[in-house]
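Structures incoming, each one as structure tokens.
There are two complexes below, and they share chain A, which is joined by chain B in the first and by chain C in the second.
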Partner chain A sequence: MPSYELAMVLRQMSRPELVSVLKRTAESILDKGCIIRNLENLGTRALPHKISEHGVVHREGSYFTITFDSAPTKISDFMEEFGRDIDIVRRRIFKIEEPEEFQCTLHEEMLPPAYRKDVQEMIDIAKRKQKPKFKYNSGLDYYPFQK
Partner chain B sequence: MLRIIGTVVRSAASSTRSIVTPFSSTTLVQRNISAPVQSDEPIDIPNPYEKERRECILCKHNIVPNYKNIKLLSQFQSPYTGRIYGRHITGLCKQKQEQVEKAIIRAQNCALMPTYHKDMDFFQDPRLFDPEKPVRPHKY
Partner chain C sequence: MLRTTTGVLSRLTINETKTTGSAFALEFVRWRRKPRWLPVAKSKLFRVPERKQQNADEKAELMRLHNNYKLQMRSLRQYLREEVLRLNVTTTADHIVLTPEQEEAEFQRCMQENEAWNQKIAVERNERLQRELEEKAVEIRQRLEAARIREEERLERADEVVRREIELSKSFITRDKLDTAIEQALANPVDYNFSLDLKGNIYRGRNTVPGGKGTPTLGGANEIEVQQTLKASN
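Up next, the complex of A and B:
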């Protein structure tokens, strides 16, 4: 099962209410046969902009993330279920992926254009796209007659 | 060049031959021919003028941008319009810039970060780059 992260914003509530909402969401995840790995509280603060959800305008919210392992087919069900919950202002589910190892390419990018690989490729493409020119085969590098 | 050196050596040998006995002069000429290494011959070394390999600031400190790290991500956001600065301003490598952009959009999606301005809490943060002086000239 791949790991997912549920990032959600809960509406402004009292502490016991907040606990009950978190319990509800966690149980709905567990009921689907998923494993919860982590629950993180990112704090309560003013939203960066007002958000209108379920017919109410929210200006403050509590941020939580839940990391869980689940089957990929169940993600849409979670989105639908949490979308119906009026205490959840916003919910997003992201797949947790290991960052790929790579070498910093800044040095190559800062080279003069003629030495950059992508520029050389572009020049090659332009050369390939040029129309074939007719050759006179006269052995001269100019046209000897009046045009 | 080599030919010139050869002539110089030969003339030197002939000049010595006129002074020293013929037997010793032949040994001198032979030694000159058998010694191929000259003191002023070009030596095989790596390019001494090659510039030091540069790394972008996130690669240097081995930082992977995360959408929950708003304080870091807001440093790549314009305080006037909230737009993400381009690669020619931030001075990041291609992959890191892509990761940063993805993380910022994710954070804005989760209502963690504003989209049309920079968070007021992070206005006093140190600047990683100067938007007035881009690393490369602007595309337009």
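Up next, the complex of A and C:
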């Protein structure tokens, strides 16, 4: 099963209500036969803008993430179910992917253009694309006759 | 088009006398004839052109010359053909004439030489095929070995994943642990925000102030200003 992350913003609530909403959400995930890996609280603070959801205007919210493993077919069900929950202001499910491995090449990128490997390759390509020019083999670096 | 063309033609004939004195009255005629796709004119449809009469003496003279020419050419061609046939039969310029015994001997010699060549090439070919066979066998063995190693690595990676997941499964949130996990999460908010300064120092936390908790040690007021601007931009 692929891993997903449910990021959601809950409306401003008292602590017991918050606990019940989180419990409801987590149990609905568990009921579908999924595995919850982690549950994180990202804090309570003012929303970036006022949000009108389920007929109520919200200005503050609590941010939570739930990491879980689930079948891909159930994701749309979750979205639909959490969309009906009036305590959830915003919800979105992301797929968790393995972070790509990379190496820092900043030192090479900061070199002057003539020393950069990709620029040198481009110059080589341009040289290869140039048409061969006819040589007169006259030993002179100019054309001796009138053109 | 025909109408304009004929107009031009008729004007040309009229103007020929006219233009001799004047340099202004130049006319250019592009089409001297009607186009090919137009049919015969109605007025010329049933016209039969008159046959020209030839002079009888001249006709007889032309006929005589024609007959002479044909006769001479025919005899010349016959002579040349007979000469080629005769040469083919008598001369041996382009091929060597052999007796049947000699021919047989020559054929045998050629056959023997051919056999020798064939044997030599067969030896070389067998050597090459043997060598190629051995190379192929080595390559197949190498590929089998590589496949075995690949498979082992794949299994090892899979085992690694399984081990890691089993290890992680201890921290999975089950129904029993759900209440404590929620309490834990509410008690410990996580903050992934951070900011950087020009030296690459990382300031973790959304509201970390310079010099506060979790700030790297710094020297100089200048860098503190930089941090403050960074904070302000965040």
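Everything that follows uses one rule, which is that the second predicted complex is superposed on the first by the 113 of 147 C-alpha atoms of A that agree within 3 Å, B and C clash if a C-alpha of one lies under 4 Å from a C-alpha of the other, contacts with A are read in each partner's own complex, and residues count from 1 in each chain.
Just so it is clear, a contact is a pair of C-beta atoms (placed from the backbone, for glycine too) under 8 Å apart; a residue touches a chain by one contact, two chains touch by 3 or more.
Quantities reported herein were computed from a predicted structural model and do not represent experimental measurements.
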Requested in this report: May I ask you to decide whether A:Tyr136 touches chain B, chain C, both, or neither, giving the answer as first, second, both or neither?
Outcome: neither
Requested in this report: Quick one: classify A:Glu27 as touching chain B (first), chain C (second), both or neither.
Outcome: second
Report task. With the two complexes superposed on chain A, say which partner A:Tyr115 touches: chain B (first), chain C (second), both, or neither. Result -> neither
Query raised in the report: Does chain B (first) or chain C (second) touch A:Gly61, or do both, or does neither?
Result: first
Report task. Look at A:Leu42 in the shared chain and tell me whether it touches chain B only, chain C only, both, or neither; answer first, second, both or neither. Result -> both
Query raised in the report: Looking at the overlay, what does A:Ala7 touch: chain B (first), chain C (second), both, or neither?
Result: first
Query raised in the report: Which partner does A:Phe94 contact after superposing on A: first (chain B), second (chain C), both, neither?
Result: first
Query raised in the report: Looking at the overlay, what does A:Val19 touch: chain B (first), chain C (second), both, or neither?
Result: second
Query raised in the report: Residues on chain A in contact with chain B in one complex and with chain C in the other?
Result: 42
Query raised in the report: How about chain C: which of its residues touch chain A in the complex?
Result: 168, 171-175, 178-179, 181-183, 185-186, 188-192, 206
Query raised in the report: Which residues of chain A touch chain B in their complex?
Result: 7, 9, 42, 47-49, 51, 61, 63, 65, 89-90, 92, 94, 99, 102, 104-107, 109-110
Query raised in the report: Inside the complex, what are the residues of chain A that reach chain C?
Result: 15, 18-19, 22-23, 26-27, 30, 35-44, 64
Query raised in the report: Once bound in the complex, which stretches of chain B touch chain A?
Result: 53-56, 59-60, 64, 67-68, 91-96, 99, 106, 108-116, 119, 135
